[in-house]
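To keep things clear, I will list the structure first and then write my remarks on it.
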Amino acid sequence: MAVTVKLFAHLRERHGFGETRLEAWSGGSVGDVWRQVSGEDELPAHVLAAVNLDYARADTAVADGDEVAFFPPVTGGRGRPR
Amino acid sequence: MAVTVKLFAHLRERHGFGETRLEAWSGGSVGDVWRQVSGEDELPAHVLAAVNLDYARADTAVADGDEVAFFPPVTGGRGRPR
Amino acid sequence: MMIEVRDTGFDPWSEVAAYQQAVLGVGQFGATAVFIGTMRDFNDDDRVAAMYLEHYPGMTERALERIADEHVHAHDLLDVCVVHRVGDITPGEPIVVVAAWAAHRREAFAACRGIMEDLKSKAPFWKREERASGSRWVEHNTPG
Amino acid sequence: MMIEVRDTGFDPWSEVAAYQQAVLGVGQFGATAVFIGTMRDFNDDDRVAAMYLEHYPGMTERALERIADEHVHAHDLLDVCVVHRVGDITPGEPIVVVAAWAAHRREAFAACRGIMEDLKSKAPFWKREERASGSRWVEHNTPG
């Protein structure tokens, strides 16, 4: 059971990695993935997430083999895209 | 005292000339010029006019040496331009 | 600013690219909006084989210059380029190109669109189409 | 439809001209609306020497394709072409070109503008600017 995690832009720089794998993934949400890779309690409101290349929310379920990404608002973004 | 008169598009074809001169111009309006060149009583609503390259109305005064033009609504036109 | 009425064919892409290269300063503009009108081979579901576009030399150029000036000032444009074809035109040939350069996209889009609308409603051009059903002057145009 | 993310420079004019020549049918389209975003050498009144544009390979292309698809259907487009630059970019270099082909100008303008707005708000691109004051990630953009 593993999940690939990617970080982009200043999140990548701040956390010091662009890609990692959670090898012992036992199921959970995007928020759970964030807790494991960041050490923070909650996914900050200004951090966007995607699961398998589609925008996702903190409560989106993450399954074995999924690719989860976290990134800042996109260039023109003011909050989460529709 | 002379006025140059130009017709365009189907007006040119209908009246059989693209340019003529009124040699004995004694003053008057755009409407008066139209009466002389067309033989019609009034400038039709769908015929546009210009004096010296600017849009004009039937009651615009025409002076010696002026160039008066008559033409259909322009390609995208629905009535007279502002 | 470049405003031209031409009775010969032109390539709108190289025309605008060359103008930009010659006149616009590198790094000054962030947004370029371009519109190209091209002759179609149909109109009102009828085949059109060719068209003749008549203009009023002198007045047409003056009208185009005024329209361009108005939008340069209204939308804070850096520059604008308009080339309009007249004479005999066949399907696939470009009729008009309008290019607007601005710092930001809002102004470039608004100006390019506005110039096209004013051009269609105010600039003296008259179109005669050659259709299967015969030759006729067109006194309306497609909306918007 | 052509959607591409490139890490090398491109000439938007010849790019769009070549695509049109290769794909669009002569006489079918009457309106082409094009937007080109170009890197400026200033932002917020500060000099910008260079920028780095990061994207999410796979997700960015998918987002661009969805945006283009939506507007092709919403505005009855004949075709659309989007090329977006990523990587290190210097002032004067094109960042994005969007071209929309339609029968009439209303649809072409609306689609070109709509694709640009959606691209700015939905497509995953992140910009880091090199300014005199240092390097920084930009998390807002110019409106409109």
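When the chains are written out, they are named A, B, C and D in that same order, and each has its own residue count from 1.
As a convention for this text, contacts are C-beta pairs under 8 Å (C-beta built on N, C-alpha and C of every residue); 3 or more make two chains touch, one makes a residue touch a chain.
This structure is a prediction, so every number in the text was calculated from the model and none was measured.
Listed by label, the chains that touch chain B and also chain C number zero. Farthest from chain C, judged by the mean position of CA atoms in each chain, is A. Our note on geometry: chain A versus chain D, Cα centroid distance of 26 Å, whole angstroms. Computed centre separation for the pair chain A/chain C is 48 angstrom, with centres defined by C-alpha atoms.
In terms of their C-alpha centroids, the spacing between chain C and chain D amounts to 23 Å. For chain A, the set of residues that touch two or more other chains is empty.
Remark: the chains found to touch one another pair up as A-D, B-C, C-D.
Taken in their complex, chain B has these residues touching chain C: 6, 8-10, 46, 50, 53-54, 69, 71-78, 81-82.
If you check the complex, the residues on chain D that touch chain A are 53-54, 56, 58-59, 62, 119-128, 137-141.
Residues of chain D touching chain C in their complex: 11, 13-14, 16-17, 26-42, 91-92, 103-106, 108-109, 112-113, 116, 142-144.
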